Structures are given as structure tokens and as C-alpha cells.
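Two complexes follow with chain A in common, the first pairing it with chain B and the second with chain C.
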Partner chain A sequence: MSHSIELTINERVIVAKPGERLIDVAQREGIYIPRFCYHPKLSVVASCRMCLVDIEGIGKTQPACATLVSDNMVVKTQSHKAIDAQKAIMQFLLINHPLHCPICDQGGECELQDTAMGYGKGVSEYSESKRVVADEDLGPLVKTDMSLCIHCTRCVRFGKEVAGVPELSFIGRGDTAGISTYLSRGLKSELSGNVIDLCPVGALTSKPFRFKGRSWGFKQQRGVSSHDCIGSNLVYHTMAKGYENITDVMRVVPYTNMALNEGWLADRDRFSYEGLYASERLETPLLKEGDHWRQASFEEVLTLIYNRMVAVDPEKVGVWLSSQMTLEEGYLAQHVFRSSGVENIDHRLWMNADVPLYQRPSSVALGDLHSFDTIVLIGSNIRYEQPILALRLKEASEKGSDIISIGAIAHEYYFPYQCHLTQPQELAMRVFELLHPPVSGQGSLSGKVLFLLGEEALIHVDIAQIQAMVHHWCDQSESEYMLLTPGPNSLGLAASGCTPDYKAWGAAKANGLSYYRMLRNTMDVMWLHQVDPMQDVSDPKRAYQLLKSAFTIAVSAYDTASLRDCADVILPLALAPETPGSYLNYQGLQQKFVAASSPRGEAKMGWSIYHVLGSMLSKVVAKDYDTLSQDVDRAYGTMVWPDIEQVPVEKPKVISAQWMRVGLSSWVRGDGLVRHAAALQQAYPIEEFVLLAETQEASIEGQITNLKYSDTIAPGTLVYERGQVFYAETMGPLDDGDVS
Partner chain B sequence: MNIGAVIATLLFFLIITWLVIGSEQLKRYLLVDFLKGLGVTGRAFWRRKITQHYPDEGEELPISPRFKGALALRRYENGEERCIACKLCESICPALAITIEAEERADGARKTTRFDIDTFKCINCGLCEEACPVDSIVCTDEMHYSILQRGDNILAKDQLLMIGDMYEDRIQHNLREDNDG
Partner chain C sequence: MNKVCLRVNDPGLEAYQAIGGYQVWQRLVSGELSAEVVLEEIKASKLQGRGGAGFMTGIKWGFMNRDAPGDKYLVCNSDEGEPGTCKDTLILRHNPHQLLEGILICAYVIGAKVAYNYLRGEYIREFNQCEHALAEATKAGLVGENILNSGISIQVHHLLGAGSYIVGEETAMMESIEGKRAMPRNKPPFPAQKGLWGKATTINNTETLASVPIIIERGGDWFRGLGVENSAGTKIFCVSGHVNKPGVFELPMGTPFTELLERCGGVRYGRSIKAVIPGGTSMRVIPAKHLEGLTMDHDAMRKVNSSIGSGGVIIMDDSTCMVSALTHMMRFYHDESCGQCTPCREGSGWILQMLQRILKGQASSGLVGQIHDVAKKIEGKTICAFGEAMSWPVTSFIEHFYDEFAHFAEHGQSLVHDPAKGFSWHEHVNRNVE
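== the complex of A and B ==
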């Protein structure tokens, strides 16, 4: 079928492949055919009829989106017949379309506006009354203006075909036809924001952004998602506010990177920018005096910090870093601390075991997932942890890969999968059994397998064993595995030396205390970088105790109650779109971004805080950001990851702990930025102390974001959200009551 | 010597000079153009005066209904501000004198939270007035305004609405004039 055919469009001879759509072929040749319902990522319905073209030999005009090219086809997109058809369709669409452009958020980026300008008639012959459609509330993220809907059904097809959740549908006929969620329940999908981009008109627009600006008034800055290890590409639309040279992010839209997010964006990435402007943003350094907090100057707090740092025994200093840090910040921070003798540096604040975690770049491209015969999710809630990866899993599943999941919760996915429900205490054992079936040959994995280790596995006490088993198994076959670490730059921090195991760029072994060990030690000084002791660590109880007993210096973008409880000094921090930097995604792909907006108040970029600290402690630090970034690029470019130490694989045991965490936090509470994004929080509210699952089978009470009514929980497991944290309790034997 | 001889001698000299230096030079020596110009001044001196000594006099100047004077924001009869924050005036303004920030008002209306015009930048071209879909921003015919202090040059939304309220009658009058005439 790879032979090519020739056709003529507008008197140009064009070569195409059989099976291609006329609209795509024309587009490739620079001939634009107007369209509304057609979208390259969605199925073709040919319902809007805007793309009608004149094909020789066929009496009636034909929709270019639904017509496949054929040999010797002669197409005219600008003949009288075609132009008449376009004008007629345009006129027909505008019959019921209000003249709202000046107050419509789509104005300026509206496909209907553009098409009306380019292909419309210019005058209206319609003077009867227009249709008005009542708006439906789709929740806090998507605003509807249903009178503007042109019934292209892109939003409907997106739900059905891409997001896998048919939330919107087309109901009614004729005059009363419209888009609705059937039950007025609002949009709940983790990808719902994408309908904003898909809707060609202003019928579906962003609610947090409503009326705030115009598409032509923004500066565009490329950025990278700061919430998961996939590194979705996005664009910040920023606007200058007032006269003080302050630039704010007004909205976030996806950037089409076919290798990563393909133009989709998870709601978490799209709406979290609101967190930048939350009232809890810290704007000046804070200092604790007795029981009171007061604002202080940077000079004052830095002097204080300096005096502490030079006086303290470096072995008694602990550093906890957030995996939202950029590569540059992480490198500089560990450099300053390590050269002062501090080795206790960790960013894996989710770990529940004192073991090294071998984070390595994966060679698996997102587009190649279907080349694996089986994909095994180990303790992953992939749909919420890495929404974009879940889309690719769906694609792989459609292309024939089998998907298996092992974990305490059978999450509701939109692709078929086989679930091995497991009590969290037995996770490692079940993985072992899957890899080495007791009755050999029965149910064993065959062919190329991809293992995806998610949150439940990463926070598991047995993570080292699980990784070793999987690693060993993959070593002996052409299978692969990936650690789906929380945060956008966990791999980057592992590379740049922010772990107790290795120094920067894997150059040498280090032997600092891990986060787990620090929790069980006493420290004199604790340094937190964008870590909230209540939310961002796996063991808030111990963290509280440790931080309260130590002199705690927190660098944080937010002024939270838990930080005020634990810390002694808080320095205001500029977050990702306010600071330049780079993140490493799960493949080790370094994606750079520039500062898109201005930091709030006196907040400083992370690298500059460590730069000043380093200079005060008379350490050698790069003279400015550019030098730092060049150093980091060079070092990462030539980095060789140290070998993984093989540990002997033996059959794991069941853990006796009564309490096991099965998740870190729900997907919209994983870091400070999303926790303070108002609309997102409203869309996925917290319900404290809600019992989510009963021991027997699947009766779940309360509605919670990550867990769905239909999610099934392993028998003997209680899952509930305490504060904002998922716990699973099982009916195992009691031990010391350790929440581990 | 009689008068005739004097005139004859003068004429003789003139003719000789004319022959020697030509008519152009001769005109220059005789200040002909200068005297012509003086003649214009002389005539204007005796004519009716039309120059107005602005700002000492000139309050009653006739003004075109299309005069582009101070900018204002208008309201509807019910008191609702017209502006719908479409930002078209901001984007058409060639001097970048308009700054708008907008938000959804509690009742769901699209309204500005900031509407500033920098009078130092504004060149009174009237393009904003042309762009406005709801006749909100207008050029009044008011020319008597001046900014004396740096910082006062930014007219904020409430000031612009106030000017609009004050001049509403004249704005409407001028619009009628313009349409009828």
C-alpha cells in the first residue's frame, strides 16, 4: 500500500498516499480548507459541513474531512460551487450564533470568527429570533456559554475517544439539541480542561481565566509541567500588571510535543498556576521570636543562618529538598551543603525504607508503549499520578498490549486491565509470585514486558526488593521498567546529587543519612526546601517531632500553619514559572525553561538563595545563573550513571505492620502549588477522615478524588483520607503501632 | 534748478543703473518687495481682528462636533457603565495609552477592574472611540484640561466615568449634530 497517488487540488498536482484524508493532504500543501468538527486527534463525524469542496465528477460538494484521496482526483476548494457551499454553511451556523465576540473569551482565537471573516458572507439575511440555550454548570474549571455552541461534538468525542470518560454528550434534537453531562454533575475527568482547547468557539472556556484577558495581549513563554515525571510541555500566557513591572501568568495552555503530551494537558498542569497568586504566598522572610513570628530582612535571616551553619556540626545538619526543585537549584544546593561537610541530603521524602533507590533514565519512549506485550502496573494509580502516561497506556491497550495491575486498590481506568488485588503488606510477595509463578508456566509473563512502579510501590517498605526483583527479571529478558517518581524532577535531583547515596553526577558514593534515617535520629539543624512537613513527607508525625526539636530553616513559597509550627526561619521562594531552570523527565530528557512571570514580593529564586549562602560560607559557586546552567548542562551531558548494585532476589515476606500507606496524597495535593490553586481544590475538595472503603469488597463511602465509587479495594483493607493523606489499614497482627 | 531738471536727472540715473545692473537688482535697491509686504501688514492692521487669545479669551469658540478632546467613559441611562472590557480600544491605541485589567463581576458581567488612560501618551486620535463596540470610550469636545503634576497623568476608571457623567449631554448633543449634519 505504500505506492503513492497523484491528485490535483486547485490546479496543483499533489502526491499523496492512498488512505489519507483530503483535508490533511491539502493542509500539508498549504491549502487551508475551513473546518469545525474535524480534529486530527479525534474520529471523523463530518457533521459541520464547513469543509465542503468541489470534486470533479461528483455532482454535490463533498466534505474534505471524510473524503479519502484517490488517484486522479481533481479537487477545487475555491470554485464557485465550493465558495457557495462555504458561504451557505457559514450563514447557517451563524443563524443561531450570538454576536458576543466583544465579551466572549474566545474572541481573537476563535475558529468561528476567523472562518466567518475568511469564508463568510459578510451580511446576514436572517432577522428572526435567535436560539438561547441555558448554561450548564460544569464545575469550577470549565465555563459554558452554550448559546455559542456550534454542535461540532469535538468535546463529546474527546471524552469518548481520548479521555475515556464519556462525560459530555449531545442530547436533544433540532432546536433543543445541546451539549450536556446528562445529570448536571459537572466534569470530573482529570483531563477535562482539554475541551477548552478543543472547542472551536467560546462555548467551553476556562473558568479561572474567565474575562481576565485577551489572547492577543499575552506574552507566550514555553514551560514544563511541574507535577509529574512525564514533563508535559506547556505555554504560559503572561501579562504585565499595573506599572511596577510585574508580570503574571494569566493561563496555561498545552504545547504540542508529539513525543510527550501530544497537545493534551492534565488539569493539574493547566490550572495549578492559580497557586502562584494564592493569599498564602510568602512575600518576606519570617523569623520566629519566642512564640511569635515577625517579618525580617534577608540580611538579618541570612546572617542568622550563617551563624548557625558555621557553629553546627555538619553531621547534625539534615537537608530535605522537594522534587519540584530545578536541576540547577538542586545541584547548587547540594554543592553548597556538601562542600560545608553536610552529607545528609535527600529529596525522596516519600520513602518508607532506608534503602537506596536506583533512579535511572528510562529508554522507553511514550509512543512505543504498544511494542510491549504486557504492561504491569505495580502499585500505581496511573490515571491520576501521570495522566498523560495513562493516555498512552490506553493507546497501547487499544493496539494490543495487555495491562496488569498489582496493588491494594483496583482503580477505575478507562482501558481494560487485569487486576491482582493485594493487601499492601503482601505487595512484594505478590510481585515475586507474578514474576516467578509457583506452578511454572502458569500465568507467567511472556514476551516483552514493561513494569511501571507507581507511588504505592515507591513508598512501600519493600521497594528495594521490588526494584531488585523487577530489575533482575528485566536484565534477563528484553523487558524494561520505569520508576514513576512523584514530582517533576526527582530523577534530576538524583542525578545532581541530592541523595544520600551518590554525589553529584554519580561521581562518587556518598554516605549521608537518608530521609528515613534522619527521621529516626536527632538533628541540630534541618533545612527544608519547599517541603511542607504535614503534606510532603511520608511520615508527618515523626517529621514534626524531628523538625520541632531541631533548628529548622525552611525555604518555602507558602506560609503554612505546619511550617509555622515546625520552622524557626522561613525564606520566601519563587516557584517554577518564576524561576528559570530545567527538569529531567522520566527519560532523563533535560527540558529547560525560562522565568515566565515575576516572583511575588521579595521572594527569591532558589538558585540565588543557595548562591548567596554559598558565597557567605566562602564556597566556590558559579558567578551567575548562566554560568551555573552551563556547568550543569556540561556535567549532565557527560554524566555516566553508576551501576546498579545487584542484590540477591529471594522470596519476600509479608510485612507485619498494621498500618501501611498506599498513597502519598491525592493527585491535586502533591505539592504546594496545586494545594493552593483555588479552582482545582474546589473541583476536587478534601474530605477529612472519610472512610473510603470497607473491609469487604467494594463499598466506598464518601466521594473522594482519587478513588471512585467503582474502585475496588483489597479485602481486609481500609482506605481513608486522613487530612489529605491516604492510609490503608489492614487487619493484620498488631505490632508497635508504627505508622510506617 | 527747476523740478523738471531734477526728475529728468533722477530718471536718467535710474535708466543708467537699470542698464548697468538690470531690473532685479534695481528692484532690490528700491525695496519694492519690502514695501509690498508692508502693504499686506498695513491692510491687515486696519481689518477686523479674528485671532483669539487663548486661553485669555476664546471660551465661546465654535467647536466641531467631531472635536477630539478629553477622553471619557460613558454609562447607560440606568447607570451601568457601558464598558465590557473587550480590550479593543487598548489594542488599537497607537500610543499604547490605555491599560485595562478585567475580571468577572459578581453578577457574571465582564467588567474592567482597571481602566487607565495615560494622558501624556494619548494623542487624541480617536481610534479607541472608533473601536468601541458599545460607545463607551468617547472623545468629548472638552479641550480645557491640562496635567500639571507628574503622576496625575493617569486617568483612572472612576475619573473617566466622572468625566463621562459630566459631559453626557454634550456628548449626546455632538453625536446628534454629527449624524444630522
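== the complex of A and C ==
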């Protein structure tokens, strides 16, 4: 359909393609047609009737959203007929809509309010009683004010068509019709927050943000999601507080990047900003004296650290970094440590094996997923690990890609998929069998295949073999694979040298200890950057032992009990929205952002901590952030990723361990920020998982991660959620021999 | 009298076959008659849809390409919900086989393998009757797989609604058959392009389909000759309201209104007519002054700015309070709006509330103009024709009986029921009973 057609809108001749919607064509040409129910990412229902326009030759006014352009169509959006229709609809929408805009949370960013300015009457002709609708409790994230609802059904269509979880529905009829969950059980979808953006009025608003501020008082600052490797684009709405030049993040909304998150945002990205203002935020450095913690000055603490660092044997220093670090922070940190002779640097604290992991940028664009005939999920709970990628999988599935999952748990997805339920001990072997079917030709993968390696694979003992097999297979066909690493910047940290495999920018091989080896060694000094030894590592028990025996310096945004247990010094850290930086997403796309808000108290940005440390240790460091950023950009821009060392592929063996871990922590407990976001924690409480564990005790024993009743679990799988509940109550300490 | 749809009063297969039933169908499946000929006959008969809109049936069938690949469907609309209409029930109850034959012929002509007959929820008795007839016909090999060993297979299913008015709208009916809420779809695409399950679909009224066998049997010209110009054949009129003998009558198009009235035994108590709604409450009301010389056909109705609609003729005598009559009707429309699109959802309640305010004596005459204004704003802006169906009675009632509305609004009392000015309807009834 390459040929174009001509139509006339408001006496302007416009070229369009057949099949385009009139409302889109008009919008592109700068002719605004008011609308409420129309949304480009949702199906068209044309139920609000606000976009009625006058089309020559058709008696009735027609909805521009449901009308496809045709050749020689003559459209008038401003004729008397069109304006009369639009005004009539506006009046109908307003008669039962409460006119309490000054105290409505949506006031100032309300589509109804805006449109009413243009199409509404100044005086109400309505003298009957207004409709009042009872509110419904949709959980801790979304607040309802159902009397405000204008029945556009965007939220209903979002659940049905995009999120795949039809949680809201249109019930009742006539003017008593309304939006409801029917079962009054609240929203459970990992994308539920999007209905807030979709709602054109104040019927669905953000509960944590409710009455916190007005949209026109905010500064908007672009940012990047700090929870998954897709790098969803978002906007921080910030507000200056008082006269102290302190800026706070008031809320987070998505930024439409059609290549990445389209217009959607996972709840984890949207509501985690609350964690910035949690009471556990650390505002001053803390120093341990005996069994006792006291506040200290940066000067005192840094002097102490300096004295330790110059006295210690660099080979006895270990550095654990968080994959939430920015590229700049990571680069500077490893630069300072490596130039001091410290080589034991790792950020892949999820690993359960002492093997290299080859992280490389993927060339697969999210919009192209449907070009793969088959998409194979290897050990991934994609819906919670990478919610935005899961949406694209749904889209690909609808467009005809087959989806296969191989792993210990058959998760509940909103797209059809074929599940190879596998005991985790056999994961590598099953992957081998999938790639090389025992009987050739039978059940073999055909066409273009995309492999997605999720958490279960990444934390697997055999990850090196799994990657080698998949890599080898992809090398010989047009297939591709991706590592869906936890955290927003794992690839960036791998590039900037924060792994024991390579030095910065892949320049040379490194020879430090990996996280796995460090756990099994004794260290004199341990340096933690935004790592909670209870929550953020794969083996908390060993981590505890190691950190307690060493002199542990923690740089952390939060003051947690586990850090106080293990560390000797804690430095307050500024988190992602409070610091400038950049993240590399799974494609190696460097997305930069500037600081949106002010750090809490005396908390310092990560780069400045390493900058000061480097200066104290007389290392060559960039003179300021801009220089550092330029250095990093230049180095990354010219970086050549080292070749992947191909290891011979042989049929893997079954692992003899009785219990295997198959997941990291739950999707809302993967990093400090989300763990301290109150509403998010309330929406997805730990207790719920405990309850689930009890109901299925016979088959699984232990604590469950992101599981639902309907999920099926392979026997012999230890599913757990890191955290005190698991260790203290459900399982007790684990036997070393049992768990690998 | 030439009857078309109400030829037999016996739902059995034998009774229908005794008057030549299923002959056309047998000729069709045996190849003696071709689909093209049937389509031409229907076109020649100028049969118009009997559901209310009066679209040419031949043209509608012609939209379907029977040789095109892909599934096609036929839907028979027996969701007779229009207030004042009770014609399809008689066909379903007393003449189900003729309807079934019509469905089969149509399905064959448009190339559908599956046909649905969707009955309104209250028609459980008719549903059972139709199911019985279907079982009989299946046993006789007239419907189902390999009909009369011809290799032709057509399945007919009966469906029972759940009591909504809007499901009578063709696209809403398709949604309902698909198992969803009965909410009308946007048109275009029209059912012939994208109907049931996205496939080409024809949807016809029960009376329309029931007329088909006899049209083919006796020829399109015969059928056209029954009626008058631009209104072919016969039509079933369901007369209700203030007449002595309300009933259902199948009469040729163009029958004078006076004849219809005569058949009903005239207006009760010898009163005079005040107004007539000719085709179900959704059609515009005709005041008494326009009734002179009125004939029951499309052209004549158009002249008095109304329409023959579904044939539900409601006669109101001069004791009728038009305000309460309209309020009564609006309560129905308010209840039955599906709530999908804005003008109908919000407007139906608004109009009802305003009318109720007049009845309660809490209004001023300015409100009457506003009611008219609101009704005008609904018209033509909704997804389905329900907008017009609700708007037309309001605007026509007010246009023709403005004085009555204004008086009620102004004085809080009906012009008709005001004892000081005339009589109260209740008193009148009591007097007559004595």
C-alpha cells in the first residue's frame, strides 16, 4: 500500500496513506480533533463521540477515530455541524461530571478540563441531580473517584488488549453503567499504574501521589528506569521545596519512546520513587565503634578509609558493586580500585559459578521481536523480570511468533506459550536437547529463533555452558540471543570494567577474583556499593560470614539492619534520580540523564565519592563530572567488545545437588529503591507469597518468588525469596551441601 | 385475503407442507432453481426489511458474494423489542416452518453455512416452538448436513437473548452471539463486510425472512402487486392502545388507516383519536389532524414525517396525557440505553429527569424547549440508531403537542387531566364503567 491519497481537511489538501485514521492524519497536520476514548495504542471504540467531524456527502457527523481516510474525502472539523456536535457531546459529558476541578487531583492535566475550555459552555444548563458512583478500592497504587468517570473504557481496553490481564470491566447499562473490577479485589497487574495515565479524567489517579502537588508546579526531568535492562524512558516530575534549594521527585510518568517502552511503564518504575523518601534513607556517614554505631563526618570517615586502603594488601580487597550504578560511577570506581592494585571487582552478585559471563549488546530491537519465528525463554519469569519486554512478547505472539519456555516454573503469562517444565538440575541438559534433538528433525527449532536467558539461567551453575550452547547455535544460523540481566546497567558495568573478566572497555583481560571466588576466600577489606548483603546477593549466608570477618566499607542509600550487622563504615549515597549518569540497556544503547532531584541530607553522588577517594589515593581522576562523562562517552563510543571465547559444546550433565535456586528476589524487592517504596511493597506484600507457599507446601517447600496459584513447579525446585522471612521462619538456615 | 407471513395457524410440519411448504427449498437444493434466480425474484419483489429501517432486502443480499471464500453467516433477528410490536411472536409461534424455510433459502443464496435465529429472552415459548420445528425439519432431512442428499449443509441455531432492547440492533446482536455484551459496533464496517466473528454476515428481520418462500413460490411481481408503489407486499400491523379490539393484522401495504381502525373495532368509548404512533415508539408520533386519508405505506408515512417502522401501531385517544405518555416511553429508553456512547447514556437520563420534573410540577415552560433541545443534540451523534429512536418521539411529541407540555410545565397539571378544564381520565373510566 505504497500509493498515497489526497484528502481535504478544513480546506487544506493533505496527503495520507490508505488505511490511516482520520484523527491521526489530522493530528499529524496539526489539526487537533478533541477525543477521549481514542488512544493510538488501543482498539477504537468511538464511544465518547467527541471527535465527531463533518464529512462531505455523509449526512451524520462521523467519529474521526473510527473513520479511515479515503481519496477525495472532504472533512470539516470546524464547520457549524461539527462544532455543534462536539459542543453537544461536551455538554453531555459534563452534566454528570462533578465540577470540583479545584480540588480534583487531575485538575490542570485533565483532558476533560482542557477540552471543556474549548468546547464547553460557560453556563450549565443542567439543573437535575448529578450522578454519584461509589468508589472501589483498587489497591494501594490506584485511587478511584468513580463519579468522575466519563466511560471512555481506555482502562478496560488496556487491561484486555495490552496488559493481557482484564482486571477492569464495564458493567451495568445506561447512565448507571460504570467501570469496576466486579470482584472488588484490586489491581494485581504489574502494569496496573498505566491506567492512571490513560484515564483522561480524575477517576483513576495515583494513590501515593494523591494531593501531593499540582501538575503545573512541577519541573519535568527526563530519566531512565533503574530496574530492568530495557531502559524504559520516564519523566520525573519534581518540585522545589522551601528555600533550601531542595528538589524532590513528586511522581514518575512514562516518556513515550516507541523503540523501548512505547507509552507504558511498569509499576516498579512508576512507584519506586517513594523509596527516595523512606525513613531508612541514610543521610550522614555512619561509623561502627565496638558494637555501637555513631554518626560521623565525611572527613573522619574518609580518613579512616584512606588509612585502611593504603595499609591493606590490594589482593585482599574485594569490591562488590550494584548493577544500579551508572556507567560513569562504575568506570570511575573500577579505575580508582584497579589503579590501586585492587582487581577483585564484580557486580554480578547473582552468579552461582566461577565462570565468565559474556555480556554483549544485542542487535534485536524490541519492535522486531515478531520477525522471529520462535522465541525461547530459558529460565525466565519474563513478565516480572522485564515487564516491558513481556508486552512485546505478547505482541510478537499475536503476530505469529511461537513462544517456548524452558525452566523450573510454568509461569502464568498472558500469551500462549509452550512450556518445557524442567527440573533445575537438568536445565542445561534440556537446553542442549532442545537445540540438538536426540532424534534429528524431531521437535527441532526451525527458522529464526530468539533466545532470552532469564534469571533462572543467569543464576544457574551451568550458565557458562548454557550460554556457550546458545551462542554456538546462534552463530550457525540467523538466530539471536539476549541475556536479560537484572538491574538497569549490568551491560554498562561489564563494559566499564566492573567484572573480573575484562578491564575497562574490554581493553585487556582482568585477573581478579569473581564474586563467587571472593565468597570462598578471606578478605581484609570489602567495599560494597549499594549492596545489601541480605537481599542483593545470591548467597547471603556466605556473604554474611565474609563481610563480618573483613573490614567492610559500605556505600549505601539505606541504613538497613543487615548492613549494620556486617559493615564497619557506611557512606550515604545518592540514588539514580539524584545523580547524573547514563545506563546501557540490553542493546548497548547509552541513555543519559541528569540529576532530577536533590540528594537526601549529606548523601553524595557515587561518582563524587570515588572522585574524592581517587584524589586521596593520588590517582589520576577526571577533574569534574563533565570531564568524566566526556571520557566515558569517548571510550564507550570507540569500544570494541572482545571476542567471545568459544568453549567446546558437549552434552551437559545433570547436577547432583538436591536443591537448586531458580530465582532472585521478587520483582518488587530487587534493589534498595523498590524495597523502600511503601505503596509498592503494600501492593505486593511478602505475606502473600508466604501464604502461597503454605498452600503448595507439599510440592515446593519454602518461599515463593512472583508465583501465582496457577503456576506449576517442577519437583525438586527450591523457590525462594531472599529476605528475612525465608531464613528466619520458613526454612531455617540452609545446609551448605544442599544448595549450589 | 392474501396472507404472506401468517398463512397457517399450526406450527406442525405437515400443516405447512399441506400448503406447499418447503417446495421452494426442495427445488433450490435439487438444483431446479438457482440462487441467482431467487435473488432476482427478491429484488423484483421490492421486499423491504420489516424490522424498522425498511432497507431493500434484495440489495442487502446482493452485498454478499456467495462464491467468495471464507465463512459467511445469516442472522435472523427475532429480538422483537420495539414497544408496541408483537408480530414476530406470531410467526415464531404459529408459522415457524415458513420462517425456517426463509432462513434456509436466504442462507443458501448468500452462501452461509450457518444461520442463527436470535430470539428475545422473553420468547421462551417461541423458542421451544422453533426448536421443535427445527427438530422436525432436521428429521425430514430439510436442514443440517447433506440436505436431501444434495451435498448442501446448512446449520440453523436458535439463541435466546437475556432481556436487553439494544440487542435488537444488528451489530449488538452479533456481539451477543459472539458471547459479549450486546453493545452496538461502529459502522462502517457494515455487517456484509465484517459481521459475525469478522466474517460477512447478513442480518434480516423475522417477518422479512418469513416472506421469502411465498415470494419465490408465487413470484416477485405477485408480491409487489399486493402493495402499492414503493411499498411492496403485505405488512403485519400490531395495533395497541385505545381501541376496542387490539390485535395483529396482516394487511397489504397502502391499506387506509381507517380500515385498520375499523378492524380494531374503532376507538374505545367512541372517543376521538388524539395521536397515532405508526411503527413502534421509536417512530415519530402523528397527530390526529394528519390522519385524514393516511394510508399505511412508506410514502404516505414520509409525507406526515413519520415511518412505518416495525408496524407497531399505537393509538391514543383524546384522554391521553402526552406528557405522561412520553415520560413512560422515556423510562423505557433510559432503562435500555447500553451506556456505551455519551449522548445516549447521558441524554436519556437527562430527558427523563426533566420530564419527571414536569410531572412533579417542579418545572417552568422553558424546560419544554430544553427537552426538545437535548433530544435534538442526541440525534445523529450516537453509534447506533438508538439515538434517533430515543430522540424522535421526544421531538415529535413536543413539536405536535407543545401547548400540552407547556401547560403542564407552567401549571403543574395536565391539560387533559385537569378537572377544571375537562375531565380526569380516571373519572371518565369510572363513569363509563357505571
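Definition applied: the second predicted complex is superposed on the first by the 701 of 740 C-alpha atoms of A that agree within 3 Å, B and C clash if a C-alpha of one lies under 4 Å from a C-alpha of the other, contacts with A are read in each partner's own complex, and residues count from 1 in each chain.
In this section, a residue touches a chain if its C-beta (ideal position, glycine included) is under 8 Å from a C-beta of that chain, and two chains touch if they have at least 3 such contacts.
Small disclaimer: the values here were computed from a predicted structure and weren't measured.
Following the overlay on chain A, a side-by-side fit with no clash is recorded for the pair chain B and chain C. By the document's definition of touching, of the two partners only chain B reaches A:Lys212; chain C does not. Residue contacts after overlaying the shared chain place A:Met117 against neither chain B nor chain C. The partner of chain A that touches more of its residues, comparing chain B with chain C, is C.
Touch criterion not met for A:Ala508: it reaches neither chain B nor chain C.
When the two complexes are overlaid on their common chain A, residue A:Ile246 makes contact with neither chain B nor chain C. Once chain A of one complex is fitted onto chain A of the other, the partner contacts of A:Val310 are absent, as it touches neither chain B nor chain C. Judged by the touch definition given at the top, the superposed model places A:Gly107 against chain B, while chain C stays out of reach. Between chain B and chain C, the minimal CA-CA distance in the chain A superposition rounds to 27 Å. Shared interface residues of chain A, touching chain B in one complex and chain C in the other, do not exist.
Those residues of chain A whose C-beta lies close enough to touch chain C in the complex are 44-50, 52, 59-61, 63, 66, 85, 88-89, 91-93, 95-96, 125-126, 128-129, 131, 150-151, 170, 172-177.
Chain C meets chain A in the complex at residues 164, 181, 186, 334-343, 345-350, 353-354, 357, 370, 377-378, 380-383. Of all residues in chain B, those touching chain A in their complex are 84-88, 90-91, 99, 101-104, 110-111, 114, 133-134.
The part of chain A that touches chain B in the complex is made up of residues 101-103, 107, 210-214, 216-217, 241-243.
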